[in-house]
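What follows is chain A paired twice: with chain B in the first complex and chain C in the second.
Entry: the complex of A and B
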């Protein structure tokens, strides 16, 4: 690949040096921004995602193009239900983790029922296979 | 048109970084509808726009059998972590394909194998590829959506 640098450390002129393993291990390995209120769910943009699979209203799966190494990875989510329902009693919950995908459930209300949601986002941190 | 460099042996993540920087995302109009449980509504697979761009460009993605091998490894009861991740990175990437081939690839990658291997057995097709405008125009009663009982493979072929 053109322009490839192989280095174990990066050094700043005044702020010190950093092992490049911090960059490799500390970068998100996948992310998505999905519209889960369109006629069918669709990813607006993403990285390292191959498809979004809509299981039912509020329930979906994001599959990875480059698999994770194991299932002990971390997912951080954000969402916006406010445009639809108002209030803040809801969430986007990451559920079953596989190395090839993870399942998500957008919910709202006291009973926690799954709901379509305008904006569903996730960032995946961990090791790649 | 952007020419994909020779990527054999390059980590798949690095190939995806290259694609993200250089390729325009492609939103597909195709949808894959399938049912794998009679008590559940139909599920819908929608291709990711960046994945479609990588498939159409060629030279980036591994052959789909690589994902089957990794899925088989993960299905083993003593699975802890992948030991054959090199298959993703060292296998010769596939050539450029059409959007229709991209959908076929995604079906075989991201849908349960028992669905696409037996899609036409039983009383009705359990998987259908369609355009998004062939689906209901609103999400009303989404959790009751089903593939039509009277849908036949002859109609699909036509």
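Entry: the complex of A and C
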């Protein structure tokens, strides 16, 4: 069995010290880089994500391997604005937060229509259950 | 209060794998949860300088709204996640975006760098006075 350290603070010899609460609270609990232009949406790489499921073009769900503790967590995203439909505005919006998953919409244009796109990235901060 | 004084945390079984308790009982990889790079950047100044950064060796003004961001320590592949946000300006909103891995241009995402693709609400490339990003994934 691997060893276990229980501590409130870690200190580097020259770079300073850090309360371990920052490690716990400051670490992303999940992240993903998804290809939402594939025939079947797929995560190129991810952490703490068990699956991605397309609902319709641009709308999809990312499910967690380990659930979040509540639905008050934070999601930040980015999106490739150029590929396929270059010359438009758009974004990736997190729409519904559940402890086991979150729903996203990649959209474009003034009407905000959902669309497939190449790069959809998300980062989740908060508490694991 | 307990305190650990160390310069390096290394996993016993696998060097980069250190497990942290982050929930009531839930644990996760310390390495996977840490941002590998972040920066806040001014695209309206010459060469798009950083306000502050981590693991960024250089920024370059490639075109309007496009900053090339090069890492000090490269990522393990081009599959990492980038997320970011922008300051909303007085007369228009703006969006943070990146060029992807399937973009058939020199702005394609690589392990060593990526390019931003910031735009305004009309879909026009836009230099933004303040935007910030974070990168998650594996370091080479």
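The definition used in the following text is that the second predicted complex is superposed on the first by the 125 of 129 C-alpha atoms of A that agree within 3 Å, B and C clash if a C-alpha of one lies under 4 Å from a C-alpha of the other, contacts with A are read in each partner's own complex, and residues count from 1 in each chain.
We take it that contacts are C-beta pairs under 8 Å (C-beta built on N, C-alpha and C of every residue); 3 or more make two chains touch, one makes a residue touch a chain.
Keep in mind that what you see is a predicted model, and the values were worked out from it rather than measured.
Participant: Is A:74 touching anything from chain B or chain C once the two structures are fitted on A? First, second, both or neither.
Facilitator: Neither partner.
Participant: First (chain B), second (chain C), both or neither: which does A:45 touch?
Facilitator: both
Participant: Can A:21 be said to touch chain B (first), chain C (second), both, or neither?
Facilitator: A:21 sits against neither chain B nor chain C.
Participant: Between chain B (first) and chain C (second), which does A:122 come into contact with in this model arrangement: first, second, both, or neither?
Facilitator: Second partner only.
Participant: Quick check on the superposed pair: does A:99 touch chain B, chain C, both, or neither? Answer first, second, both or neither.
Facilitator: Only chain B is touched by A:99; chain C is not.
Participant: In the superposed arrangement, which partner chain does A:63 touch: chain B (first), chain C (second), both, or neither?
Facilitator: first
Participant: If we overlay the two complexes on their shared chain A, which of chain B and chain C does A:29 touch? Say first, second, both or neither.
Facilitator: In the superposition, A:29 touches chain B and chain C alike.
Participant: Chain B or chain C: which reaches more residues on chain A?
Facilitator: On the superposition, C touches more of the residues of chain A.
Participant: Would you tell me the residues on chain A in contact with chain B in one complex that are also in contact with chain C in the other?
Facilitator: Looking at chain A, the two contact sets intersect at 2, 29, 32, 37, 45-48, 66, 69, 128-129.
Participant: Chain B touches which residues of chain A in the complex?
Facilitator: Listed in rising order, the residues are 1-2, 29, 32, 37, 39-43, 45-57, 63, 65-67, 69-70, 98-101, 116, 128-129.
Participant: Could you list, by residue number, the parts of chain B that touch chain A in their complex?
Facilitator: Per the stated touch rule, the residues are 5, 7, 10-14, 16, 18, 20, 25, 27, 31, 40-41, 43-51, 54, 61, 67, 70-71, 74, 80-82, 85, 88, 106, 109-111, 132, 135-139, 142-143.
Participant: In the complex of these two chains, what residues of chain C are touching chain A?
Facilitator: Interface residues on the chain C side: 1-7, 9, 11-13, 19-24, 26, 28-30, 32-35, 77, 79-85, 95-103, 107, 109, 117, 119-123, 133-134, 136-138.
Participant: Going by the contact rule at the top, pick out the chain A residues touching chain C in the complex.
Facilitator: Chain A reaches chain C through residues 2-3, 5-14, 17, 23-24, 27-29, 31-33, 35, 37, 44-48, 66, 69, 76-83, 87-91, 109, 118-119, 121-123, 127-129.
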